[in-house]
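Below is one structure; the comments refer to it alone.
So that you can tell them apart, the chains are marked A, B, C, D, E and F in the order they are listed, and the count of residues begins at 1 in each.
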Amino acid sequence: MSFTHFDDKGAAHMVDVSAKEVTARVAVARGAVTMAPETLAMIVDGRAKKGDVLAVARLAGIMASKKTHDLIPLCHPLALSKVAVELSVAQGRVEIEATVKTTGQTGVEMEALTAVSVAALTVYDMVKAVDKGMQITDIRLVLKDGGKSGRYEAE
Amino acid sequence: MSFTHFDDKGAAHMVDVSAKEVTARVAVARGAVTMAPETLAMIVDGRAKKGDVLAVARLAGIMASKKTHDLIPLCHPLALSKVAVELSVAQGRVEIEATVKTTGQTGVEMEALTAVSVAALTVYDMVKAVDKGMQITDIRLVLKDGGKSGRYEAE
Amino acid sequence: MSFTHFDDKGAAHMVDVSAKEVTARVAVARGAVTMAPETLAMIVDGRAKKGDVLAVARLAGIMASKKTHDLIPLCHPLALSKVAVELSVAQGRVEIEATVKTTGQTGVEMEALTAVSVAALTVYDMVKAVDKGMQITDIRLVLKDGGKSGRYEAE
Amino acid sequence: MSFTHFDDKGAAHMVDVSAKEVTARVAVARGAVTMAPETLAMIVDGRAKKGDVLAVARLAGIMASKKTHDLIPLCHPLALSKVAVELSVAQGRVEIEATVKTTGQTGVEMEALTAVSVAALTVYDMVKAVDKGMQITDIRLVLKDGGKSGRYEAE
Amino acid sequence: MSFTHFDDKGAAHMVDVSAKEVTARVAVARGAVTMAPETLAMIVDGRAKKGDVLAVARLAGIMASKKTHDLIPLCHPLALSKVAVELSVAQGRVEIEATVKTTGQTGVEMEALTAVSVAALTVYDMVKAVDKGMQITDIRLVLKDGGKSGRYEAE
Amino acid sequence: MSFTHFDDKGAAHMVDVSAKEVTARVAVARGAVTMAPETLAMIVDGRAKKGDVLAVARLAGIMASKKTHDLIPLCHPLALSKVAVELSVAQGRVEIEATVKTTGQTGVEMEALTAVSVAALTVYDMVKAVDKGMQITDIRLVLKDGGKSGRYEAE
């Protein structure tokens, strides 16, 4: 078995998907940012009143998903038909979930994972002045559907 | 106490750093990608022979650090003077470390964290056909120096 | 009634267009840059001889329309099939009109409006050393066709 | 008199600023989006409850100011030290004001004007499903300071 | 006869391809970097041991092909379905070949030529400290197929 | 001797220039596009009347020089203080020359070479419908000054 992103001489390439079917595809990814309880409280507090960290991070995640092919060297450019990013405070941390859809020849896992990652980085950026010990963690694919390889569900 | 990225009406803004001193700054961030042992073995194997996943991810991380201000809404654009990204196989996972330097009015934590995140996403992308259960995890700042707030060391 | 770019919790998202039909779509937008008569005379003069402000602005508008999804947070990326930007001196000001076409699941109003806006900004940039009192004004949609909502014509 | 953005043969070029002094510079630009009173009421209403159009537009304006040199062909790339965009409902329309600072060899008028323009386009995008007759208007420079040409104040 | 990228008034525009058929298209471009024999020997040597110039250039070429429409003013944005870039040492120089595929309404010659050009520039960048006399040369289209104008083969 | 863009383990990195002096730097690069005499005649003809290929290519070259660090993986981002691109018809081909200046810690050779390359690609794009046998050739550095390594002049 070998990685699809290398040819038989070991050179990286963008895989030929031109013979793959155009189908409806969806991917959902999740991740989290852990932080001190007081930091989390500030986020919750700001949300209610003024300074909504999670709203800024949501937009950053959506915008980043559109740049995925510009960030990940061997990703195909794709016309995304839906991007949603949800951030919530749960289990003592900021939880992030991104859902991406396309109708195309290849999947959108990387777009969902990129949205989660950049939303998490944005939370970090906005809060770093009060808490440098935050961690971005547990970024993973939880659902993928459409395309030849079928449905994948992790949780 | 409140977040610096919001003004007193709660509106997000890019903080005014024009009165801050121009100083030499450095930041180091770390993170990891966890995966099945067989997947990790394929990466190690490919590295020795052909298809170097880690070399591709290293470049993606370096290039992404230059796009940080384009990804994180309230980050200042900065002229980076050094970016290095190291990937290694250790403790049963791929470990990533990024070091970024600038001479400027604001720090480079986000540039280092972005380099780690995109290097991790690139590892994921190249390996996802054989292992969908990978996780990107433990992304954190380990060192920051230069600027008024002084040295921060996490590990 | 509510805005389509927010979900029912008020979170911004990129609308799901995956169920919409792929149809031929067109949009036309217009706008203008007002300025002192002597400034306008310089543009006309330069055009005839050397230093064609309007030709530079036209290209800037065309190139910007391709970046629309990168500028407007909730815009879908689209494969544009035609972009034309016309600039002319009329009614004592620079008049700008952009026409954009696509075959896709969503309209191209924002691409046409972005082309007009950036062409106007480019006129401003090239002329600002001689006239700081210019104004960019009257940017609006004049035609939209294709898609479920049918034809819209403003003028 | 002639435009600085063309050489003596009429060829467009990015002006040589290497001999100009590095000074603190600021620019303020303003503009507006006009719309039907009911549309404006929806924006005000959404702001209070859910779906904050103006917060999304503010972020889009800030992010766009960092892309100015990528949009306007002959603009110099600049390290911005502050960007703030304010949106408010006044005089029956959405009013936008952007303030940009840098310490550099050239001014930031275009960055402020670009922030206003893209914030206005984003308002348009989010509201266009309910009101196609909106207009983006009165985009102009209101303040510029720093640099050899001195202070300019329009209002 | 006239150039298709200008309208009948001589204004540049992005050609309307909306009436063209969606077909499978491919393009192959080639080019080379000439340099001193000792420089070439260093590349070959580094490749075997450490510091693979050609692997870095290959990735840069692939990534650049995805930016073609952002670089070439009148190029249409396209969803590329395959990009491969091969670099080899032959005839006393570095030879580069790029192959690009799409299924769309317009060809991918520019994407293949851009991949070759940026791969060549990257070779230059990595080696320039030891050899400033390098030249990038012989960049040309060698194959184009798909679309109305039929097959073109140069070599 | 070894390449500066690799560390001692052979990993690519962006070289640390933080200890280098900030000095005024300039670079000049040249290149050409060869084509059939009739194609060249069309360019000359269009220039005089309508459809100025060289003016479009000039702008594309200027804009591309600002993207150099985004295209070449290990290039440092730089604040360019001047970019000029000249295109002329000479010796039976289109000749291109780019001049770039900065005040910074590293040189601008790559910015000048990128401007020439993208200007050449743009000429190719605009003319390719009438001549597929064009070649982009002889791209090289002709002058570099400023910085520790001193003046380099090739021609």
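The definition used in the following text is that a contact is a pair of C-beta atoms (placed from the backbone, for glycine too) under 8 Å apart; a residue touches a chain by one contact, two chains touch by 3 or more.
Here the structure is a predicted model, which is why all the values come from computation and not from measurement.
The chains in contact with chain E and with chain F alike are B, C.
Under the contact definition stated at the top, the chains bordering both chain B and chain D are A, F.
At the interface between chain C and chain E, under half of the residue numbers appear on both sides, which makes the contact a different-residue one. Overlaying chain B on chain C by C-alpha atoms takes a rotation of 180 degrees, rounded in steps of 5. The distance from the centre of chain B to the centre of chain E, with each centre set as the mean of the Cα atoms, comes to 30 Å. Centre-to-centre, using mean CA coordinates, chain D is 36 Å away from chain E. If each chain is reduced to the centroid of its CA atoms, chain C and chain D end up 15 Å from each other. With touch defined as above, residues shared between interfaces to two or more other chains in chain C number as follows: 11-12, 52, 55-56, 59, 63, 67, 70, 73-74, 77-79.
Here the touching chains pair up as A-B, A-C, A-D, A-E, B-D, B-E, B-F, C-D, C-E, C-F, D-F, E-F. Within the complex formed with chain A, the residues of chain E that make contact are 24, 55, 58-59, 62-63, 66-67, 77-86, 101-103.
Within the complex formed with chain A, the chain B residues making contact are 1-6, 9-12, 31, 42, 46, 49-53, 56, 59-60, 63-64, 67, 70-75, 109-110, 113-114, 117-118, 120-122, 124-130, 132-141, 144, 152, 154.
The touching residues of chain F, counted against chain B in their complex, run 7, 11-18, 69-70, 73-74, 76-79, 104-105. Contact residues on chain E toward chain B in their complex (touch as defined above): 52, 55-56, 59, 63.
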